[in-house]
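Next up: the structures, one after another.
Next, two complexes with subunit A in common: one pairs it with subunit B, the other with subunit C.
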Partner chain A sequence: MSPLDLLVAAPLAFMVASLVVGRGGRWLILAASPAMLALSAWLVALPPDAAHLVGDWELPLGILLRADGVARLLVPATSLCFVAVGLYAWHEFSPKSGRETARAHTFWPLLYLMWGGSNAGYLTTDLFNLYVTIEMVSLAAVAMAAMGSLAAGLQYFLIALVGSLAYLLGVALLAAHYDTVDATLLAIHARPDLPTLLAITVMTAGLLVKTALFPLHGWLPPAHAAAPAPASALLSAVVVKLGFVIILRLWFEAFAEVVRPAAMHLLGGMGALAILYGSIQAIRQERLKSLVAYSTVAQLGYLFLAFPLISNAPNPAEPWAAVLVHAVAHMLAKAAMFLAAGLMLKAVAGERISDLAGLARAMPLSVTAFALAAISLTGLPPSGGFTAKFLLLHAAIEQGSVVYAAVLVIGGLLGAVYLFRPLSVACSGSAAPVVKAEAPLRVAAPLALAALAVALGFAGMMLIELSSLSAPPAAAGPLPAEPGR
Partner chain B sequence: MMTAVPLALVLLPLIPAIISFALPERLAGWRNAANLFVALIKVLIVADLLRQVRSGVDLEWRYTILPGHDFLLRVDTLALLFVSLSVFLWLVTTIYAIGYFGRGPNLARFFGFFNLCVLAATGVALSGTAVTFFLFYELLTLATWPLVVHNGDEKSLRAGRIYLAYTLAGSAAFLVGILWLKTLVGSIEFTAPPDLSAVPPLTLTLIFVLCVGGLGVKAALVPFHGWLPAAMAAPAPVSALLHAVAVVKAGAFGIVRMIYDVYGIGTVAELGLGPPLAALASFTILYGSLRAVMQTEIKKRLAYSTVSQVSYIVLGASLVGPFAVIGGLVHLVHQGIMKITLFLCAGALSNRLGIKAVADLDGAGRRMPVTMAAFSIGALGMIGVPPVAGFISKWYLGIGGLQSDASWVVAVLAGSSLLNAAYFLPMLYRAWLLPPPEQAAFRELGTASDRMLVLPAVVTAAASLAAGVFASSSFSPLTWAKLIAEMGYLK
Partner chain C sequence: MTSAFELILCLMILGTACVALFMRDFLAAVAFFVVFGNLMGLAWLTLGAVNVALAEIAIGAGVTGVLLVLSRSRLLALGEEISCGPAKPWLRLGAAAACSVFTAVLAAAVLSIAPDDGLAPVIDGLMPLIGVENPVTGVLLAFRAYDTLLESFVLLGALVAIWSLAAPAAWPRAPAALRMTDPAALNVAGSFGRLLLPVALVMAAYLVWVGSDDPGGAFQGGTVLAGGFLFAAMGGAIGLPRSDNSALRWSLVAGPLVFLAIGLAGAALGRFLAYPEGTAKALIVTIEYSLALSIGVTLALLVAGPPATTETGL
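Then we have the complex of A and B:
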């Protein structure tokens, strides 16, 4: 057995186990957490080109699991999110009565399904296999979203279905055209002909819908804001990253030779608009969880803004690392922020930002977790978010792309505007509101995640080294013309 | 020499910060003790460093954070000028803050962030590369924000918003500037100024404007000064140490670094960047003084006075002549000790007597004579009356202006001094010569808490006097500023 197999198999085994034990399902997280963290650590420590064929079938028939840079960064980060969310939810979804019991039964199998699915998604190179993982994650995500609002869940379901079908269509096209759907093999054989371009287009479009890149983001804020806090945390932190990683793999690994610079700028432009639009919407929100959800729309923009920066860079390793670090930092910080928001809103039994008045005194630990997460999301130093945005800004200035540099700076400032608002409200008032005392163990989950997001700022060299294990994207030839130059 | 001493010096305030955050309010005594103890240790370390650096020892600590970006802490003469000022004033202000707040809400938070601010200010001083400087500069913004909104009322929250809007925008401009420069010339280390000869002058000018403009926000250069008067909503110890010293000094210090250690005097002169900056600084000096005359609230008046006085440092740096350099650098210290005296006194007056407006000062000299005596020394120093320290600064700046063929500087200094007199002398007149309103007898130094509130200002006032009287002694700020100028910039 290799850790690559186990990272996929273990969560699925826990899913089955949680279905079997029913009411006591929440206890399994105490076993799953150390096991999965140990497996993630093992993954990071594997030799540089570690890969594993499932069942020892050779390509193109078999399935290749691979420990590349993307997997080594994102699998541990997702596992940390799942562990923290699981420990937080251990309390929230304990069997009590009525509806709570139903949630306590359903939440845990969904959590493990999503966990296994996203791990498989980061490790595999087979595009059809990726389809299966997307479906696993989407299924769990839709069900979790439906826990908060049935309407939002249904809308999400339809969108996810359309996205999956589009992706599957592309996979079918490729299979018919190349007789393989393995990304490593496609990288060798891909030609820029019509079926290939069509396949890339529909696959990317389907994935963009699922990743909620502006202007395809409409379903995200209602679904993420309505779900219970642990579910919101997973939806915003983990689920949307999978679609992004697959696009990243398609564009820079499988079809690096086929994709045109103009297409890179199209994605980059959408990312830039997402940053501006998401930030402005976040500023306008009155409810805390909507604000955090719109912040996800904005932060996802950075992931795509990086595409043209990577493809144009004389030294692509840095923006490549930046985009992965951003994905990791956003995962940790966003999960922390949703969990902290959940604690605070539950304590004051409200949902508006104005309900937080004075909480800095009553719930200092939760507010600290929120603040640390905000530092990383805004991109203030020292934090993983800062490292990522710093490298992106550096790349943008190096390439002379004024527009992207300006969006990066403005996005950071807008981020400060919307994230300091709840903090400012929390610091207001001279009398502390009376709330139930913070349970140190529950607040530990968001606090640890947020502290990690900040601590990433000190580990820049290690992150860059890990990310360089992925097939570094091909260096661009002469710089193409770009907007704003 | 690679050593962890600079790192330890920067990180030392983490200990009292963590203790302050963690201890419950009923153990406030232990918290205060920890704060004072570490502040004292830091003073001792810095005293030793002063001795070492003077004998030519070179201490640094380096760590690569990102490819091509080193995190470098370095103890040099200019860094020590700022560090010794901040550790001395930190100790004084800690004592004062304990007396000022007594027992109130949110004090754990206050002392925690207060220590983080000191950490950031020390980091700003010791930074050896532009990126390191930026990291601490931004941390300083973050750590001061909770102190600005400390009171939690609408006024403080608004001040907090204005503060963030100004400073974050400023930092962003500065970051773009240094990244731009970095992509053109490689790593920017203060000890090894980059070779700028290959960069087109226009680009260099633009980068200079971005960087100095960004730094000018914290240095409160007009028109980026708006946050400073608003931030006076913070409690007095915050106004005293942070706004009079740490934050504005970080900006001014950054500008000094840009001019001397990144661009170099030669390049600044070639590009013709000195005169416009000197003009802007002069305008700020006069404008700040003029606005100060118009204020009726004591803290607001002092805030505009800060706007004006900090620009002396920028003026000295931008004139790039030997005496102007010394005058600007020495004013970094002189302005710090004089202005903190004034703020500490203003805080004591409002805390004990409820005096907030200039009009309430009538007879304050009779009710709190010790405090008002310290205030008077600070005020006379600001006007430039010898032998208080402010006179030395203005003297050197004036001669520096003449040396650099900018005799108009003398006129600016004279005008500013007149305006300073116009807003400080009426305050002294009211306090000493007008009768107090009928009120119960007041004992200024009755309790230990009173003494902790009043005596720090006496110490800094004495220091302002000593820095002027003993200016030529071997340990005065002036001697140190001359040393910096000789070792670094006037070769």
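Then we have the complex of A and C:
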């Protein structure tokens, strides 16, 4: 038995159980939460080179699972998000006698499918296996998005489908060309020829659509803003990260020797534009959940802004750690923010930012959760967001990349502008609106996530050490000469 | 002779595709699409890809055709107009140009890959270890069983996703009946469905069984089973189940559950999804039969759609 298998098998077993149990399916989260957190802890504690082949079938045919730095950071963070969201949703998606709805029954199997799919994606090195995990996550995500708005869900579905097919086309090309789709083997054999470059291009394009990097972000704000709060939290925190991680594996592992610096700067430039565009759009939003959704567009930009910083760095370990810490911090903070926003909007029975007036007095804990999440998202110290953005800024200045450094600073300022607007409205007004008290579990879930996002700022060294397990090697001397380089 | 057949086949594929694209009448376009799918299946057969041919004909032509016809009748029932307006010329030209350029680049990339045996030698070397003869089954159920396991959960998830679209008042009722409303059509479909369902059951069981050594297997068997269920439901020979029916729930999860349990048993004995020596074939056949059942039921219900309040038929 190994957590590499169980982290995937356990959520799938819970999915089956929730389908068989039916009405009582929501209770399973009480068993799934401790089990999955324990498995995640076990994964982190594995020896550094832990890896094995599924069914003991050797490469190039078999599938390799391994616990690298990416997995050790993102699997526990994902589990924390799912646990918090699950406990929060426990009240919301409960079949009350007499008015059972499809949603209360189907949310739970979909949650476990997404959970198993994300974990499987972080743990595998096989590009076709990754395609299957994308399908698991996308399918559940589309259904959850459709719970809020059928139109946004349908749009998301079509776009996710195009992205999947583009990725699959690339996998097919690679399989025909190299007779393997394992990232560790491709890292040895990949050559910069037409099939390989076409494969990287279509795979990256397909994944960028799913990750909603500017200018391919159009589907994200309507889908994420309309969904019920627990679904929005999962869509914004967890779902978009899988596409990003696969791009990371393609660009820095499988094809590290093939991709050119210009391509790195293309992604970095798109990331920079995403930060600016997403932030400005977030400032312009009148509805709270749209603001949080555009904030996701902006924050995803940081993940890609890091690409040229990692590839240019003399010692890539630092920006590499930064991007992973940012992914983790954004996961926790964004899930917390959507959950807190859900509580706040439900309390005032509105959806506009102006509806929140005086809410800080009526529901101080939820507003605190929102504020803590905002601290990490804007990158104020001490928080996970600060550690990540500080490391990125440090790398940018060290490499003399003035443009990227400027975008990082401006992005932080714009983030403060759009995130403190709802907070200042909530703290304004003299009269506290009368709100119905929420269940303690629902208040605690976003608060715990946001507190963790801030607490990450104190665990910087541990996170950097974990992430270094998969960092691209430091450039030791000149790179091997290659045609066209 | 062979090249003449292939040439005619290619022309027919292109011809039916064009007719399906440019036909104004929806039903006629669907008919040509189904013919197109069957011809594609033939093309796969000529290329020696029997499993792809089976999938193309069953899913690409059969199930998709049924879905398109169902969409038409449901849109008609809603009073929607079913015809696409004329697309803007520049949009057509732009799409044609973009697709042509992409196809050219793709063709150049594919043709530049040196043809070789691929992984076939590796697979042939491993086949004796699992005691089945069909390399496709070997890949799907042994060497890459992990992919197949996860895919079986994707299919299950797809049905759950469709169920999640049910209106609050409709849960947990049965999907809208597939029964034909026209008495004459119902009469024909009814006797046909009653005849076809037992045949489909036997054929599915056979396809799964031969799948270990010849083309066939859980997916093909499941598809045939789904076809039998659908015809029987259209003819009114069987009704559709409520979504909270526990027998239904168990048959939906049977395949993924058995697969996962065998995988975990392997993990307890050594390695996840590894089959102990000498048991591989028995375990593979067990997994395939339970998967075929779940795939058949799931596919049929995917076509039927989410639980509905209305009782309208075709």
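Basically, the second predicted complex is superposed on the first by the 467 of 485 C-alpha atoms of A that agree within 3 Å, B and C clash if a C-alpha of one lies under 4 Å from a C-alpha of the other, contacts with A are read in each partner's own complex, and residues count from 1 in each chain.
In this section, contacts are C-beta pairs under 8 Å (C-beta built on N, C-alpha and C of every residue); 3 or more make two chains touch, one makes a residue touch a chain.
These numbers were taken from a predicted model, which means no experiment stands behind them.
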| If you count the residues of subunit A that each partner touches, which comes out higher, subunit B or subunit C? | C
| field | Touched partner set for A:P195, first subunit B, second subunit C, both or neither | value | second
| Of the partners subunit B and subunit C, which touch A:P381 in the superposed model: first, second, both, neither? | first
| query | Does subunit B (first) or subunit C (second) touch A:F458, or do both, or does neither? | reply | first
| query | Looking at the overlay, does A:P47 come into contact with subunit B only (first), subunit C only (second), both, or neither? | reply | neither
| said: I'd like to know which partner A:P440 touches here: subunit B for first, subunit C for second, both or neither. | reply: neither
| message | Show me the residue ranges of subunit B that touch subunit A in the complex, using the header's touch definition. | response | 64-67, 105-106, 109, 134-135, 138-139, 142, 145-146, 149, 151-154, 157, 160-161, 164, 168-169, 172, 175-176, 179-180, 182-183
| List of subunit A residues in touch with subunit B within their complex | 318, 358, 360-361, 364, 375, 380-382, 387, 390-391, 393-394, 397-398, 405, 409, 412-413, 416, 420, 424, 427-430, 432, 458, 460-461, 464
| How about subunit C: which of its residues touch subunit A in the complex? | 105-106, 108-110, 112-113, 116, 118-119, 122-123, 126, 139, 142-147, 150-151, 153-154, 156-158, 160-161, 163-168, 170-172, 243-244, 246, 249-250, 252-253, 256-257, 260, 263-264, 266-268, 270-275, 306-307
| note | Touching subunit C in the complex, subunit A uses residues 1-2, 4-6, 8-9, 12-13, 15-16, 19-20, 22-23, 52-57, 60-63, 99-103, 105-107, 109-110, 113, 116-117, 120, 128-129, 132-133, 135-136, 139-140, 142-143, 146-147, 150, 169, 173, 175-177, 179-180, 193-195, 198-199
